[in-house]
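Okay, so chain A shows up in both of these, paired with chain B first and chain C after.
On to the complex of A and B.
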């Protein structure tokens, strides 16, 4: 049972993390190659607080706020850059994050923070919490997609300049997406810290940022169900198959590039096309 | 009554090129003005200055007595401008109906929180359908823009601009790419909209239609305001004729 609980918890945290990136990249069309930094901010915030014996349930919202505030700042700084430049800027954020954390004594420097105590929820209770949070955010994402907010995001992802000419305050919408997405990544980070009871600078670097992007792209950029499925599968693959664990970045990058090459709309797109073909028979 | 639009001494330079050179224009509410001039006269650039897409080096733009100079494009749209662009820019991943419906929902899209609380699109879609019918696109409402010829997308631009319920409608060559009967029916629509009270500034190379529907014209040449007034009189002025034909 314990193993299944670990697997489910890992999946739920990854699903939440991938959906948080999907909100920014999938919904609003803003590429990010540094999303792990925001998970890291949440994880380190949570780890530090939990070491001070503060309850997990209080720690989670604080971690979300910290990550969201950083997200707002990065969002502001990124408003003027697009596409490739946005990719490079966000990549810079994750290198900066790792670089800064390594230097901080109070964050454990190179070694990180270990020995985080288990929460009062116990392992099963914590797993349920992770599943519920991932489920709630998935529900929220689906709601957004149906709302006028989703409609506006579609237009911004399609063409920012046109959106402006249609009276849409593109900057406001982008910042909204950044804050929601990064705060949620911070939440996933807090869960991560509790799950592994350890955080280190290498847990939230460029590799993790690419991994989560791979989950979003493989699932289908913008597709809530596709991203959930891809995140669930890809997160436990390294636990189930040793090879994937050994060559994680290689496997994920290969998946990322082959998807972009052969099915830019991911698994969701493949499923959609198959459904259409069956229907049109 | 304040003029609906005042362009005061606007100058725009792109590197060494002065695209707009100290141009001024005043429009009264209810005007339908033909904005003409040879290629490269800076018409589109001036239109972009009015909507805030291009920032002028000098000069200012006023809408109903309100200075727009410091406002971003989206704020100017909400202040009452709408633009149908010369280079068509449909949202490519949306149908024509969705393109127009999004614009119709401008009150719901004022900010993300309001947009998040709004779900129903039926009213906007109904209005969008009606607008697409008015520009003659009723048969392709569900089509993808990338599958349609230019003449259709030009009219989509117009429908989308109308969806914003503007006080002042800016049209940049809406008739280009349309055949003669399509052009004259769209020109008729422009005329009708104006008769219903909408102020319209119309950039157009199709002089026949301009002279047919616009009581007044504004002529620009080499970025400078050349003439403004009664269409037939202006188009007979020697310097206007020269600007159009004289380069040869």
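On to the complex of A and C.
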């Protein structure tokens, strides 16, 4: 049972993390190649506080706020630079984050922070907390997608200039998307710190940022169900394909490439096409 | 004396950055694709360079072989991976490119082993004294000379030949170029061939300076080169050269003086972010 609990917790944290990026990239159309930095801010905030024996339930909101504040700063950057320039700027953010953390003694430097104590919830309780948080944010995402806010995001993702002309306060909504997305990533980070009871600079780098973007893209950009499914599967895929052992990463990257090459709109796109075929019959 | 040494280190590093980033700019200028897998071609160049040198003993032959093979692989990559994705949103090609890059790194590891290869008889060892007490290695001198040579030839081709004119026309307006009888398909192939060949030269040179090629040698260039072309102003060749040199020199001085605050990558990206906040189109980019 312990293995299943660990697996489910890992999946729930990944789902929450991927959905948080989906909010920014999928809904609002702002690409980010550095989303792991915000998870990192949350995780480091949480780790430092939990080492000081502060309760997890108090730690999570604080981690979310810290990540959200950094997200607001990067959101301001997104008002200056667009598209590919924004992609590289956010990539810069993750390298800056890792570079700064590495040099800080109080954050454990290269070694990171280990020996975080388990929360009072126990393993099962903690798993439930992760699942509930992921579920709540998924519900919130679905709600936003169907509301007027979803239409506003769609319009911004499609064409910022036209949205501006239509009288949409583009800057405000972009900042909103960044703050919500990054604060949620911070929450996922706090859960990560509690789950692994260790945080290190290598856990929140460029590679992790790409992995989470891969989850969103494989699921189907903007599709809540697709992203949830892809995040759940991809997060444990390396464990599931243990049998290919030495070729694990090769298989993973080949799958990712084939997905982009043959179904660029992700799993959601495949499902949509299948549904259409059934309906047209 | 330390300043001069750091400056030269920066210029050598900058020359290598320039060779790698130039291919990336060529691709971006023409197709608007952030071609991360370019760094895999750089690594491939390094491997071919070491293997051919060890077999034949000739570095010149190795550079030539690396350029041709890697150039062809680059064209194949365009044909198989990018061409079908050109009409899709840009991040699709970006993710596909990242996946290609990871797959290539794994293939290098599986085929050539995780520990890398070295030159059996490393060519161009030793160095010479420029001014008293200041030495430049032959390898480093070769890097600077080859970079200047290659970039001038490229500048001449793009500025003064029929080929260069059709290339620039395709970059500015593909439809118009086609209407005037330019075979844009050939221009794209050539573009990938030249860009990849330049990465191959950089790969051989880096292998020479470190006397080592390893599966992961492309991981730093994979993201650093992106930073450079963005810093220069996407698609701007002069901007890319300028950004390569600036970044090379800044990293060289920065790691000595503020290395205890920020590591090399953080330094480069910190500089990038600051520049972009003031000039969102990059150093020499146009809106």
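The rule we apply is simple: the second predicted complex is superposed on the first by the 265 of 281 C-alpha atoms of A that agree within 3 Å, B and C clash if a C-alpha of one lies under 4 Å from a C-alpha of the other, contacts with A are read in each partner's own complex, and residues count from 1 in each chain.
One rule holds for everything that comes next: contacts are C-beta pairs under 8 Å (C-beta built on N, C-alpha and C of every residue); 3 or more make two chains touch, one makes a residue touch a chain.
Because the structure is predicted, anything quoted here is derived from the model rather than measured.
> Does the superposition put A:264 against chain B (first), chain C (second), both, or neither?
second
> If you tally the residues of chain A touched by each partner, is the higher count for chain B or for chain C?
Of the two chains, more chain A residues are contacted by C.
> Quick check on the superposed pair: does A:256 touch chain B, chain C, both, or neither? Answer first, second, both or neither.
It touches chain C, and chain B stays clear.
> According to the stated criteria, A:152 is in contact with first (chain B), second (chain C), both, or neither; which is it?
Only chain B is touched by A:152; chain C is not.
> Which of the two partners, first being chain B and second being chain C, lies in contact with A:161: first, second, both, or neither?
Only chain B is touched by A:161; chain C is not.
> One more residue to check, A:172. First (chain B), second (chain C), both or neither?
In the superposition, A:172 touches chain B alone.
> State whether A:105 touches chain B only (first), chain C only (second), both chains, or neither.
A:105 contacts neither chain B nor chain C.
> So, does A:4 touch the first partner chain B, the second partner chain C, both, or neither?
Neither partner.
> Using the touch definition from the top, say if A:96 reaches chain B (first), chain C (second), both or neither.
Once the two structures are laid over each other on A, A:96 reaches chain C alone.
> State whether A:85 touches chain B only (first), chain C only (second), both chains, or neither.
A:85 contacts chain C only, not chain B.
> Return the residues of chain A at which the contacts from chain B and from chain C coincide.
No residue sits in both footprints.
> What residues on chain B touch chain A, complex-wise?
51, 53, 72-75, 77-78, 83, 85, 89-94, 98, 102-103, 105-106, 108-112, 114-119, 121, 160, 164
> Show me the residue ranges of chain C that touch chain A in the complex, using the header's touch definition.
The contact residues of chain C facing chain A are 28, 32, 34, 81, 84-85, 88-96, 98-100, 102-103, 106-107, 110, 223, 226-227, 230, 234, 260-263, 265-270, 272-273, 276-277, 280-282.
> Within the complex, which stretch of chain A touches chain C?
Checking each residue of chain A against chain C gives 31, 77, 80-85, 87-89, 91-93, 95-96, 98-100, 102-103, 206, 210, 213-214, 217, 246-247, 249-250, 252-254, 256-257, 260-261, 264.
> How about chain A: which of its residues touch chain B in the complex?
144, 146-149, 151-152, 154-155, 157-159, 161-170, 172-173, 176
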